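The next part holds the structures, each set out as structure tokens.
First chain A sits with chain B, and in the next complex the same chain sits with chain C.
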Partner chain A sequence: MIRFENVDKWFGTMQALAGVSGEVGRGEVKVLVGPSGSGKSTLIRTVTRLEAIQGGRVLVDDIDIASRKVDINRLRQRVGFVFQAYNLFPHLSAIGNITLGLTKLRGMGKAEARERGLAELARVGLAEKADEMPGQLSGGQRQRVAIARSLAMDPQVMLFDEPTSALDPEMVGEVLVVMKQLAAAGMTMICVTHEMGFAREVADEIWFMERGAVLERGKPTDLIDSLGHPRLQGFLRTVSHGGDIHR
Partner chain B sequence: MGYVFDLRGVLSGQYLDWFLIGVATTLALTCAAWCLAMAMGIVLTLIRMIPLPPLGWLVALYVEYHRNVPLLVQIFVWYFGVPSLLPRPARQWINAHHGEFLLAAIALGLASAAYIAEDIRSGIRSIPKAQYEAARSIGFGYLGAMGYVVLPQAMRIAVPPLINQTLLLFKNTSLAMAIGVGELTYRTREVESYTFKTFEAFAVATAIYLAISFGIMALGAYSGQRLKLEAR
Partner chain C sequence: MLEILENNWLLFLVGQYPHGPIGGLAMTLFMAVIALALCFPFAIALALARLSPYRWLRLPATAIVHTVRGLPLIMFIFWTYFVSPLVIGRAVGGVETLVIALVVYEAAYLSEIIRAGIEGLPKGQVEAARSLGLRYWPTTIKVVLPQALHNMLPSMVSQFVSTIKETSLGYVISAHELTFAASQVNNVLLTQPFEVYGILALTYFALCFALSSLARLIERRISSGRGGAPGVIVAA
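Here is the complex of A and B:
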């Protein structure tokens, strides 16, 4: 479904991705972990060309996304992206955030879009918050609206960039529940997250990144339970002891 | 004998009609110029956001011209200069259709657009880039992301300076009298020269300008309040 082939990414003279290769099959869930600055965000951002790459290829459904034939706006409808900071549109209500793409990009009628939006909100447990403005919602609720906004576009893949690390601890669970439901429903997902419980439960594979490369990859049980690279073991200790290393 | 202040002389019969026609013309000119200014301001802003340096220079040139050349001169350029460049049928059409009103609206609108473009631009700058990115991630192109996500937020932030521009534009319509547009100041001069009641005539004009200015400010405060409520 998604294939990285020797992907190189430079920010000026700084190499953010150094020959990353890997594959995410249909229905698989991959979890990316690694220290800050290791290139996790950059890697998933290459999938929808939020970051252009300088070397290698990124393929979605065997099509090179850099090719001229690819309509990037169409591709982005099929690949949902969830941000750490939610990035809801503050001038639109929860349902307005969701229906914007349906009405303006899909050409859906207002009533139909609202119905669809309500269904997506129900799926993330927020049907009764449809007409609230983002500013009136808690962080966990905002992130769930953001997920619903992506899901409304019928994506075939969902990318998550630390969806819970801006949240207060008591709200992490409600977002993870939604993500687990998605995984159980067979969604193809790449998740940057340090929630090891989540990884253990739903990940088919964990990729451990460091300095722009995937240093180690394997089944969660193998990697987390001390069979992995010594660097990974050290990293996992900082995550579990120090809490979230991003705070 | 002292001067007797008497409004009846200027506020009755045909003189009252002249004032009313003047007010209507001033308001019409403000509205026409305002619509042009907003549209042009948004277009200028969008052009400036296209990452092609020559386009940016063109917009900068536009802004500098309209901010640094006296507005009266700009009006003269449109009234005396531009029609002389047009073919004769176009000139005749302009003359037959209140050309001075049209050309004054264009001059005022284009000048105001330069300021409005600056206000909208600083509004846009205050919207985090993540908003644009989120819109692109859903599948919006550049224009969709700007039009549905960034601009609506930027416009809310730009409301107070835009109200200011609207007030300036409203007051500047009085310059159109110089090319014979029958707006409020022009009509006031007429009333004054027919009645010789200089002070009364301009007192009435002043009161009308003030009242409309306050009206615009109140409208601005109201819409600002409403947008704030919506955005919460």
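Here is the complex of A and C:
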């Protein structure tokens, strides 16, 4: 469904991605882990051209997303993206955040869009918060609204860019529950996260990235529990002992 | 001073109306409001063009803004005064001239305020909108501008204050506004310029101070309302 072929990306003279290849099949959940600055976020941002790449190809359903034939706005409707900082629109209510795409892109009427929006909010357990402004919601609730906003566009893939990193520890769980439900429902997902418990539970495969390359990949049990790459073991120790894994 | 005010308050307020053209404070406010309202669409267009990835849009808009901001308003007023009759093909009154000059002049300044408001938004706002699949215009109209304009409301009120003060330059082309009314009163009384222009000064000050206070109030509300992103007050 998504294929990276020797993807290169530079920020100025800094190489953020160095020949990354990999494939995400339909219904699979891949979890990207690695130290900050290792290129995890950059990699998923290339899928919807939030970051342009300088070498290699990114294919969605076997079509090169850089090709002129691709309508990037169509593609973005099919690929949901959840940000670390939620990026809710602060001037719109929770439901308004969700209906914006539905009315502007799906041509839905107001009533129909609201109904659909409420259904999505119910899915993330926030139906009763529909008319509250993002400023009135907790971090966890905001992130769930952001997930509902993406889901409303009926995406075939969901990309999560450290969705719990900005949250207070007690709110991480509520967001992970929603993500686990999505995974269980068969959604194709790429998640950048430090939540190793989540990775162990739902990931089909973990990619360990460092310095713009995938150093190691494998099933969570193989990678976390057995002795993987020494760098990976070192990383896992800092993640579990650091105490500030949610920051 | 009170006596002058007592005898001439109507002239200060509305000029010679109803026996002549409306003027005074009423015309000053009218011109400031109209000029700002008319320049608003131009200001937004200039701001968007300045932020455009396309050079052919960005460069001319940047040139216009820098040119206008580098020239004194009085020069613009004279220029409009002499050129607009040639363009329009008939005599153009003082009020119209001043409004035209102000629209051009204020558009340049307001566009910089709007541009700052747009650039001040978190980058994630546009990314989130584009990630939903929204194109440039829906993103701009539904996500970017409502937030940018809201955050920039205090600066826009400050700009309104400047505009009010700038309308006093209309005096030199005989636009019937507040300063013009004061000079008419002065011409009648002849011996009390200090008092007459004192009244003029107090009137401008009361109006502008009230509006600046309003701007500060709005600014406080905005920064407390959404938890952060305080607006920037442009000195008036």
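Definition applied: the second predicted complex is superposed on the first by the 244 of 247 C-alpha atoms of A that agree within 3 Å, B and C clash if a C-alpha of one lies under 4 Å from a C-alpha of the other, contacts with A are read in each partner's own complex, and residues count from 1 in each chain.
Operating definition for what follows: a contact is a pair of C-beta atoms (placed from the backbone, for glycine too) under 8 Å apart; a residue touches a chain by one contact, two chains touch by 3 or more.
If you're wondering where the values come from, they're calculated on a predicted model, not measured in any experiment.
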item	value
Three-chain arrangement built on chain A, chain B and chain C clash or fit	clash
Which superposed partner A:R26 touches (first chain B, second chain C, both, neither)	neither
First (chain B), second (chain C), both or neither touched by A:R76	both
Which superposed partner A:Q136 touches (first chain B, second chain C, both, neither)	first
Chain B versus chain C as contact partner of A:R237, first or second or both or neither	neither
Touching partner for A:A85 - first (chain B), second (chain C), both, neither	both
Partner chain(s) touched by A:K110 [first = chain B, second = chain C, both, neither]	neither
Overlap of chain C and chain B interfaces on chain A (superposed complexes)	48, 50, 73-74, 76-77, 80-81, 83, 85, 87-91, 100-101, 104-105, 135, 149-150, 153
Complex interface listing, chain A residues touching chain C	48, 50, 73-77, 80-81, 83, 85, 87-91, 100-101, 104-105, 135, 146, 149-150, 153
List of chain A residues in touch with chain B within their complex	48, 50, 73-74, 76-77, 80-81, 83, 85, 87-91, 100-101, 104-105, 133, 135-136, 149-150, 153
Touching residues (chain side chain B, partner chain A) in the complex	130-131, 133-141, 144, 148-149, 152-153, 156, 230-232
Contact footprint of chain A on chain C as seen in their complex	122, 124-125, 127-135, 138, 142-143, 146-147, 150, 225-227
